[in-house]
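In what follows, structures are represented as structure tokens.
What follows is a pair of complexes built around chain A, which joins chain B in one and chain C in the other.
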Partner chain A sequence: MTDWTKQRKERARRLEEVASLVSGKVVQPASVTPLLERIICSGDRVCLEGDNQKQADFLAECLTQVDPSQVHDLHIVQSGLVLSEHLDLFRLGIARKLDFSYSGPQSSAIARALDQGKIELGAIHTYIELFARYFIDLTPNVALIAAVSADRNGNLYTGPNTEDTPTIVEATAYKNGIVIAQVNKIVDEVPRIDIPGDQVDFIVEAPKPFYVEPLFTRDPGAVTETQILMAMIALKGIYAEYRPRRLNHGIGFATAAIELLLPTYGEQLGLRGEVATHWALNPHPTLIPAIESGWVQQIHCFGSEVGMDRYMSARPDVYFIGHEGTLRSNRLLCQNAGLYACDMFIGSTLQIDLAGNSSTVTPDRIAGFGGAPNMGSDAHGRRHVSDAWLKAGHEAAGHDGPLVRGRKLVVQMVETFGEGMKPAFVEELDSIALARKLGMPLAPVMIFGDDVTHIVTEEGIANLLLCRDADEVEQAIRGVAGYTPVGLARDRAKVEALRQRGVIRRPEDLGIDLLQADRNLLAARSIRDLVTWSDGLYAPPSKFRNW
Partner chain B sequence: MIPENVMNEPSWYESSARARINGLLDADSFSEILGPVDRVMSPHLALFDLPPAFDDGMIIGRGSIDGRSVAVAAQEGQFMGGTFAEVSGAKLVGLLRAVARSAGTPQAVSTVFLLLDTGGVRLQEANAGEMAVSETIRAILDVRKAGVPVVALIGGRAGAFGGGGLVTACCSHIIISEQGRISVSGPEVIETNKGVEEFDSRDRALVWRVTGGRSRVLLGGADAYVKGDIASFRKSAAQVSNSVPSFSLQTLEQEQERLEQRLQAYGGCRDTPEIWTIAGLPTPDGIADLTEDEFIRLLAKEGIRHDAR
Partner chain C sequence: MEKFTIHARAKATLSGKSANAITGVVASGNLEILFERKGDSLDVTVDVMTASHGYQPVWEAVIKDFVERVSPGGMHIAIHDNGARPDTVLLRLMQGARLMEAQS
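Coming up: the complex of A and B.
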């Protein structure tokens, strides 16, 4: 007869193995490494909670200390590969296979490890894509997670950085997996229960609080006049034209400039209340002036941001705040919101090719995808309508009608020349060279050209919705590529014809006064100004101070 | 909350030297001397393959504030770091000498405003620059002796460092904002010469705690503290001229005594919160974190013990 409870029995066996190392659910820090050695088996799928921001850094350090002859060939399945310990697992032979989403600071190290054959790469995912696979074919056997506090029954309070935790635990706990949490403090009663204790097997009080990476702070002091001009072009040529109320902003100075222009230039354009009222967005400090001047109705967050907690707690009408008073973020739900409930994604990129494919890959860095491909893609399952969505769809189809569905606005902002005067417009993306080198069947592309609706540079807007064939797309892109080789190779007559049709719109076509693109147009010109706007509630990390 | 001055007023720190002059003076009252069309440029920069500026980064002229005739000189901090050099120095010294000479005549001005924004001497023309600093100091003292106050306005990106710090200290009156900085050796210079343990130039909070506007005004190194918008500088500048003490031996002797006492009381301190603790200020560690309004209230309560002015 078939045994239908093999997983349950295996789980019970492992828990029994470590009974001597624990007291109830509590593990002493010194016992964590021996516990991991017994509870994790070679070949297991392990999620070592590395999110976009929050890191289970103590558990990561302990896992690097297990004996590789006992525990090896682990399959790491986690969204963020951010700490050096994460890569040490592969270097030490503890882990072999990797499925992930985002690598940020480790992007060069991952590229090297892949090149040296230390990592067997499953796939690079978007966030919700990896989360989806947690429930299909990448379910973790063991999840090592991080929270702010726990009670002795294992109830967890994650604090504002809830991020991926509920999703990881859901997949692991309900499929006979084992969940171990590092917490900053074990308390008698947690302020709120983000993860119920019956889904958590063990807790350990870490020697120091878990690490959180500040990722979304952009210093208004570093916003350039070119970025301000691009923001003006986007506001007048896209926000004012399509009126997207629900949107997501990517990270970067271009979008930070837009946020800082909402209360000034956006106000001049009469857009308050008409656009950008509902957001799927990380807690960008640069959005504070727009919030304070009444632009924003509500924001759901993927994660939190260092220094923003007190401000958000004091603005519960805007943010999602627990009854106990702190932010509740959730990456899976917010990504889903960005995919299905937003009319626009606007973000920066590094490279764009002649078909509008957009990529942040460079030959020696694999930064992963994170959420941008989902934020920046048209959700074909969407059925509800909005004016912005329908207008974009009708432009793409060239007509309207009961069977013409809408399109999400997917806007890529890029200066024609990037860092080190490297042209942002290229004949071939670097990611294709990388794919060739690593033998990948699909090149890592952040946003495919067929999802991109507009490209904004300091030269103007290319509206790809209005292009009728690949040649028009190419000339529209060349037309806003400025003095890059791609731009110089444009067909003057075709570009002029596209401009006559409004496919390409220059700042002067939009009635934008270039001289107005001045830093004094920013609602806040320094981090200090943001603190002032926040009534002193925003507490920036000291590296951003100039007072 | 919506901070009206941040939102609606151009920032001094962000603005160009010309925009500062325009915001400071009565509308359309500025008449420039040796403006860009005259193209009096540095003869030295070409040697270094560096582009010159038509005004050499020094804008001088006359105008009025609330109808009173004033002379004004502004450094463009974004050109070569607002440096003192041969041409820029000569323009500044010439203006000051003309003011001293015209005192008591129908061409006299009521006040001189120096909108300094400088890292000090321009290294490419160092000898001329050092001479420009010393000639400027001499000329400022002559103007003060002639009974015309010289007012420094400090709030630009480059601060007032090196010779610019010395020139500032020789003025009759100093107006500063939170972002303004005054010192002689800049943070990077100290770190290079004395090591990062002595002064970590990348610790931005430390740099401002030591050289920034709040510390300077609390210590008496500046006489007026304003919010960082141009309108606030203008308002303070318009009020200045009657509040400046006479430039007499007695003033200097009193000041010497005050400085000796200050050295005695605070000479052993490593950082400003230690000074504020000895001085008995409330929240000595939190001075930098006060809002502008809170700090201005604190200053009103504490009073300003100003330097040799």
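Coming up: the complex of A and C.
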């Protein structure tokens, strides 16, 4: 007779194994490593919560201390691989296989480990793609997560950085998996319940608070005039043209400059209330002046940002705030919002080829994808309309009609030269060389050319929606590629013809006064200005303070 | 440090009466450009002092575009590039020309 409850029995067996190490749901810090040795079996799929920001760092450290002869060949399935401990698992022979989304600071170490055969790579995903697989074929057996506080029943308060936790726990707890949470403090009553206790098996009070990486803070003091010019071009040539009300911004300086220009240049253009009113966005400090100037109606966040908590708590009309008064973020839901409910994604990239494919891969770094491919793609399942979405779709089709659907605006902003005079426009993406080297069947591309609608550089805008064939796309891209080799190799007559058709638009075509491209146009010119705008509520991380 | 001079001929003299203008500040980690009006000639001379070697062809392309777009006849221009990228140079040149036109 078929046993339909094998997983349930296995879970019960493992819980029984560790009964002597726990008191109710509470584990002492010193018992965590022995507990992990008994509760995790070789070959298990393990999610060691590493989000974009919040890190289960104590549990990660404990996992690196298990005996590799007892626990080995783990399959790590987690969105962010950002701590050195995450890589140590592979180096020590505890883990073997990896499916992930984003690696940020470990991007060089991952590339080296892959090269040395220390990691068997499943795939590099976007966030929601990995989350989706949690429910299909990458369901964790054990999830090691992080929260701010827990009560003795295991109810968890995540704080503003809820991020991936509900998704990880949902997949693990309801499929006979085991959930272990590190918390900063065990309390009598949690301020709000982000994860119900019946989904959590064990809690441990970590010796120090979990680490949160500040990722979205851009110092206005470092915004250049070229970035200001590009922001002016984007505001006049795209925001004012298409009027996208619902949008997502990337995290680079180009979009930070736009945020800082909304209350000044955007105001001059009469765009307040007409564009950028509803956002899927991390808590960017550089958006504070626009919020305070009445531009923004509401913002849903993927995660939080160090220093922004008190400001957001004081602006519950704008942010999603729990009844207890702090932000509730949710990466899965916000990614979904960016995919289906936004009319525009605009963000920076590092490299663009002649077909408009855009990549942030360099030959010896594998930074992963994070959320950008989803934010920067047209969701073919979208059925509701908006003026911006329809206008983009009609431009792409060359006509309108009852069967012509819209398009998401996907705008890539890039300065023609990057760090160290490296041209951003290339004949072949570095990611192709990387794929060749690692034997990957598909090169890692952040946004494919067929999803990109506009490229903005300091030389102007290339509107790829209006291009009718690959040659036009190529010349439109060359036509904004400045003095890079790709730009210098343009066919001047074709580029001029594209300009006459409005496929390429230069600052002078848009009536932009270059003398305005000055740092005085920024609503805030320093981190300190942002603090002032926030009425003292924004508390920047110390590395951004110079006073 | 590399020094060279680029000569060009504009279609017209630059309008305005301003005798000189400066854009950018070297000490701010940005380039500095000095504009001087040298009479009604169509000639344009550009003295370049650059921190990066081997970019003269790029400089020539930048100056050529600038001269086509603005027609800055009669201008003597001195650039201390402080390692600035070509896009920044062009932006500063365009801003400098606007200042020369705008001021009386």
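Here is the rule we use: the second predicted complex is superposed on the first by the 547 of 547 C-alpha atoms of A that agree within 3 Å, B and C clash if a C-alpha of one lies under 4 Å from a C-alpha of the other, contacts with A are read in each partner's own complex, and residues count from 1 in each chain.
Just so it is clear, contacts are C-beta pairs under 8 Å (C-beta built on N, C-alpha and C of every residue); 3 or more make two chains touch, one makes a residue touch a chain.
Small disclaimer: the values here were computed from a predicted structure and weren't measured.
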| item | value |
| --- | --- |
| Touched partner set for A:K208, first chain B, second chain C, both or neither | neither |
| Partner chain in contact with A:H399 - chain B first, chain C second, else both or neither | neither |
| First, second, both or neither for A:H323, with chain B first and chain C second | neither |
| First, second, both or neither for A:R383, with chain B first and chain C second | neither |
| Partner chain(s) touched by A:T224 [first = chain B, second = chain C, both, neither] | second |
| First (chain B), second (chain C), both or neither touched by A:R492 | neither |
| In the complex with chain A, residue positions of chain C that touch it | 30, 52, 58, 61-62, 69, 85-88, 91, 94-95, 98-99, 102 |
| Residues on chain A engaged by chain B in the complex (per definition of touch) | 263-264, 289, 292-293, 519-520, 523-526, 528-529, 532-533, 535-536, 542-547 |
| Residues of chain A defined as touching chain C within the complex | 224-226, 229, 415-417, 421, 457-459, 482-483, 488, 508, 513-515, 517 |
| Touching residues on chain B, where the partner in the complex is chain A | 1-3, 6-7, 10-11, 13-15, 178-179, 203-205, 207-208, 212, 214, 288-289, 291-292 |
